[in-house]
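Here subunit A shows up in two complexes: once beside subunit B, once beside subunit C.
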Partner chain A sequence: MVIETTIILRLTAAFTTMYLVALGHSIFEKSGILNLAIDGVFFLSTGVTTAVVVPLTWLLTARGLSLVLSTTLAALTAGLATAIIGIFMAWTLTKLPISHGAVGLSLMFLGYGLGIIAGYEVRLRVGSIRPYTYPDSLGIYLAILAITVLIGLLTYFFIFKTALGTAIRACGENPHVALALGASVLKTRLIAGLLGFFIMGVGASFFVLLWQKYWDIKTYLLGYGWLAFTIALAAGRHPIVLIPLAFMFGGLVEFSITLQARLGLQADLAKMLPFIAALILMIIYGSTKLRRIFEPPGSLGKVFYKEERTI
Partner chain B sequence: MSSKVLSTSANISSAESVENVILSARNISKSFPGPVIALDRVSLDLYAGEILALLGENGSGKSTFVKILYGIYTPDHGEILMKTGRILERVTINSPADAMSKGILMVSQVPQLISKLTVAENMALTLTSLRIHGVKSLTSIKKILKIISEESEKIGIKIDPNEKVYNLTYTQKQLVEILRAMIVNAKILLLDEALTYLPLLERRKLYQALLKLKEQGGSIVIITHKISEAMEISNRIAVLRAGKIVGVVNTWETTIDQVRVMMFGEERSKQISYVKVQTINPRGEPRIIIRNLHVEDDYGREIVRGVNLTIHAGEVVGIAGISGNGQRELLESIVGLRKIKSGDIYVDNVNVKRSGVKNIRELGVSFIPDRLLEHGISPEESIVENIAACTVRNGINIPWGLIEEISRELINSYQIIAPSTKTPVKYLSGGNILKTIVAREIENAKKALIACNPTRTLDEVSAIYVRRRIREKAVNENLAVLIASEDLDEVLMVSDIIYVMNTGRLYGPLTPEAPCEDIEKLMVM
Partner chain C sequence: MRFIVLRRKTIPRYHTWISTAISLILGILVYLFITILVGRSPLEVLVNIARSFISPSIVKDFFVLIAMGCALLISFKAALWNIGGEGQFYIATIPGILLTLFIFNPRHNPAPAPLVILLVALTGTIMGAFWAFIAALFRAYLKIDEVPVTLILNYVAYYILNYLIFGPFKGRYVYGYLRTDEIPEIYRLNVRVHLPMRGDPLQVALQNLTVQLAYYIALLVLAVLIYVFTWWFFKHCRIGLYTKIHGSNPSYLQAVGVSVNHIILLTMTISGALIGLTGSIYLLSELGRIPYEIERQTAGYGYLAILVSWLSLLDLKMIPFSAYIVSALRNAGIALQVAGLGGVEQSLLLIGAILLTYSITRFLVEYEVRFEW
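Take a look at the complex of A and B:
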């Protein structure tokens, strides 16, 4: 019984983290900007979370407020911090004709650096940050799970059923045409950057607060940002399709050690499993009619220059 | 040509009255890297209740000018004034959203719609930006769908707003654009060759709509290379040449010849002649034989229905007809770009039914596709590279020096306006891009040339040069030519034998001497 609860908690945490990060990333990429900053942003969020959650918990618990409040506020703060990066990225890549790859990778390294600066000292002082994370309560985990799924559904509705969501997709398909139709490419992408990176940041903070309950400067070596990137790719950036995939990939990561033991795999091979699964999925889409649904946005990663001749 | 498209009626009033100006562009200049001076201190007024034809040869700056009015380009110098109340006030137009909020809307030759989205979703962008019917960022697409349904009903344009744009025909897409203009309630409508590719019938319908807009005090700028049509529907004509306004005249006070002189200058306008290029060519052996050909369109409907046709070496066969009757699909299937449902095609007695484009090209068959801007070019590549793309296919060593030389020759002889041979073709004006490909295909044709509307966006002088070259190639180099064109004058000018294509079948043969009315009857029956 106890073991089962632990499994549910860990799986929920893995899902929530991977899903939200992949979801936020997908919103942003739907607007046509290639997000290679994802892994740095992931780590930055975990660093900021660590830096914020500790003092905030001291402050709030001293006033008799609950741990859940301080952890939640820390998650939202991490979201805001990463949102700044999202806005910056959206602005630079829409206003200036520079390469998405260059900006994304630079921001990735910036994220690693800032994340270390943010979290290092606090981490040294408290040693373990487990006491500053969400309590292992099934109720709390399920509540967060419910909210996460709700956010996913709302995002689906927003992207596919509202005018602004349509503008985001339009900017991703062809920003020049979107502009000619009356959309403001800059405003639309800023909104996608803000919203997407906020969700990403909150999601990544759950890595610390809900899933691993651990943070270290070496966290940046884990590449979980890239895993979320892969999940988004395999799900065609679709908020609903992301749900089973984030669940599956989260599970693969969470249980890779178990799998490794059961199947007698090498540790390194076990780590590759999620990526192999993603490749297989993409090959399946690519060779079937599903291709149309999972196609990336037509202008993803293309430099946007307003006066460019588009014919 | 159709002289009854419409009569310009007595509404020619406004010519000099400043009272009626609704937009005034003053000293507009715009240059591009190259360097290219696309517009040089252009001043032009638009009056309420007029149709202004903006004419000029390929590359003269017409598109650049209307793109500035629509907020896509920002001018380097100059200002735009618009009527607010009774006075003209300076305005800044930084984006199409800005332009639309001031009642300006542009429709261009290539529909500016996102194919993956539905009609309503495309419209959603416009409605939100102008807050039409209270549409805001978070308004549901469902509500927008309803608005579009109602509006299109009211306006009388039948389009299913829930249809994905990639499922629409070209004409339907342009109708969506026009519908957009109506919903936005545009006062100033800029049509950049927007009607050029539409079938005659649709064009006539749209002219009626334009007249209505004009009567309501709207103002329409039409860019076209069909001068005769401009003469028929416009009140005034403005001519651009190399980025400068060379004249603005009242249509009723001028003649086609005067307009041509303004466009091309005395010297070059003399080259314009629509009499048949007289060359006598002995008919050679049959080169392309088509037997009982059936072909489907993109939606699986049979669009070519049993075509039999023989094209001999040294002969130009012209197919007249309103576009959309299977011409494009017929031609595409000959060059291997479209699957053949049944029937046979022989090139020099080789059955090429399943040969594929590459092999058919290697047999010496050249091809000028319809709506080339959408599918015929590599926009990022330079002129030289686009020309090389078919000149030298075999071998790994591409003789760039030679191709460079060929390119320069073609640029000269076809008068392609470009800063250099290294310029990516996407930086050329629409007509000059077409000229690049047309030149490449004509000059490289060894055995046969298959062409679909090869001069549709070319200015008259260029179009006439192209037609002359096609005939010369046929006669001097024993080329077999099949040319389908919506422009009956063109077909009459170049062909030895004429067929009319209507609902998937060929009618004919007729000779170019056949009475025009007979041919037109076959086209619309």
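Take a look at the complex of A and C:
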């Protein structure tokens, strides 16, 4: 029974992290901006979470407030910090005729560096981050799971059933046409950047607060942001289709160690499994009808330039 | 006040250089701003950065980055963003370890050193080419962006290498460390010169430079060879021409009956092959053995070479210049760590800040900004 509960907790945490990061990334890319900053943003969020959650917990618990409140506030703060990067990317890549890939990759490096600066001192001071994370309570985990799925459903409704969601998709397909039809490409992308990166940041903070309950500067070497990138790619950036894929990948990452023990695999081969699975998923996506069904936005990663641009 | 972005009709002569210089200065300023925010002395940081530009210790990085910058230039010119240099570099060291420590280990199966070195270079080239070829297949036939694929392959390469070092490649003479054995001296490509290191600072610096140049002579030869090959490839080779056309107008290639898919496969494979060759020569010149958890100890040449290639604005003439800048900055990052001014984040921030300012100011080469009041 205890083992079953542990499995549920860990699977829920892995799913929540992967799903929210892939979901936020999908909202942003739906607006036509290629997001190669994802892995750096993932790590930056974990660093900011570590930096914020410890003092916040000290402050709030001294006033008799619960740990759940401080962890939740830390997650939201991490979301806000990453949202700044989303807004910066949206503005720069819409206003100036510059490469999405180059800006994304440079922000990836900056995200790694800033994440270390943010989290290192605090981590060094407290040693273990575990006492400052969500308690191992089934009720809390299931509540977070329910909220996560609800966010997914709301995002689906937002993207496919509202005028703003339609504008986001239109900007992704063809920003020039979207502009001609009266949508403000800049405003739309700024909203997508704010919302997408906020969700991404909150999701990545769960890596520290809910899933691993651990942070160290070498977290930036894990490459989990790229796994979320693959999940979003293969699910066609669709909020509902993302659910089973995030569940599968979260499970694969989480239980690679169990698999390692069961199959007698060496640790590095087990660590490699999610990446191999990501490549296999890409092959399935690219060689079947999935590719046509979940085609990427028509203008994804393309420079948006109007002659005589005024900024 | 309004800003208007306009496409230039002609690109002024020295704009490429000016743009690169502006991006570098701005990048360093952004980096300094961050270091000030975290309470470091900007002067101390600047002194360390400046010192690294005249340090002879950048020689090794300079040669490696010229070679890898040229290799990436080949794929970047075709608008194929090979971000997998790291994976191609390290996967290429596997046959080198296998050949020098197992198959032709001088203890039990000696072989002529030149033959083994040649084999190491050849098999390393093939491994690097194969690793890039996988990503090329994804791009050509599945239409999947090469950026995530090459990045994911970097992790796969790290873990394969780790698996081998933990298992079959684990050294026996390693004093308890988890790493491979040392590659036998007869297969190493270094020339050791002993100089007195006396005289005024300039003389000492020159002697130090001579020692470094001799020690890394193989990397110097490699950098020159790859540079000349890249020049020939773009200047005299038909595939080089197709590569450039693929970067600007792939449908034109199709119109003249050239298979776009074949060009993608060829370009990526050549790029990976050159990186693989660099990896295998680096193994024999510098690494000597490979530690476990290579991802935590990598010099990051695969990523630094992206910076070299981009800073050159994809201009071969500028590759040595940008390789010099990047190797100086990498050494500045290390010097800052040694001086106790930070850890690995210094290099990451410096690279990130310069790449970002470069990426943003790059458009000023082809566009101009006009101010209207």
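Following the convention adopted for this analysis, the second predicted complex is superposed on the first by the 284 of 311 C-alpha atoms of A that agree within 3 Å, B and C clash if a C-alpha of one lies under 4 Å from a C-alpha of the other, contacts with A are read in each partner's own complex, and residues count from 1 in each chain.
Just so we're on the same page, a residue touches a chain if its C-beta (ideal position, glycine included) is under 8 Å from a C-beta of that chain, and two chains touch if they have at least 3 such contacts.
Fair warning: this is a prediction, and the values are worked out from it, not measured in the lab.
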| item | value |
| --- | --- |
| Which superposed partner A:G298 touches (first subunit B, second subunit C, both, neither) | first |
| Touched partner set for A:L279, first subunit B, second subunit C, both or neither | second |
| Subunit B versus subunit C as contact partner of A:T162, first or second or both or neither | first |
| Partner chain(s) touched by A:P131 [first = subunit B, second = subunit C, both, neither] | neither |
| Which of subunit B and subunit C A:S184 touches, first, second, both or neither | first |
| First (subunit B), second (subunit C), both or neither touched by A:A170 | first |
| First (subunit B), second (subunit C), both or neither touched by A:S99 | second |
| Residues of subunit A touched, compared between subunit B and subunit C (which is higher) | C |
| Partner chain(s) touched by A:P244 [first = subunit B, second = subunit C, both, neither] | neither |
| Set of subunit A residues, in rising order, touched by both subunit B and subunit C | 307, 309-311 |
| List of subunit C residues in touch with subunit A within their complex | 2-7, 34, 38, 81, 83, 138, 141-144, 147-149, 151-153, 155-156, 159-160, 162-163, 166-167, 295-296, 303, 306, 310, 343-346, 348-349, 351-353, 355-356, 358-360, 362-363, 366-367 |
| List of subunit B residues in touch with subunit A within their complex | 70, 72-74, 95-97, 100, 106, 110, 112-117, 121-122, 124-130, 135-142, 144, 180, 373, 379, 426-427, 430, 433 |
| Sites on subunit A touched by subunit B in the complex | 158, 160-164, 166-167, 169-170, 173-174, 177-184, 298, 306-307, 309-311 |
| Partner subunit C, residues of subunit A touching it in the complex | 36, 40, 92, 96-99, 101-103, 105-114, 116-117, 120, 217-218, 221, 223, 226, 229-230, 233, 266-269, 271-272, 275-276, 278-279, 282-283, 285-287, 291, 305, 307-311 |
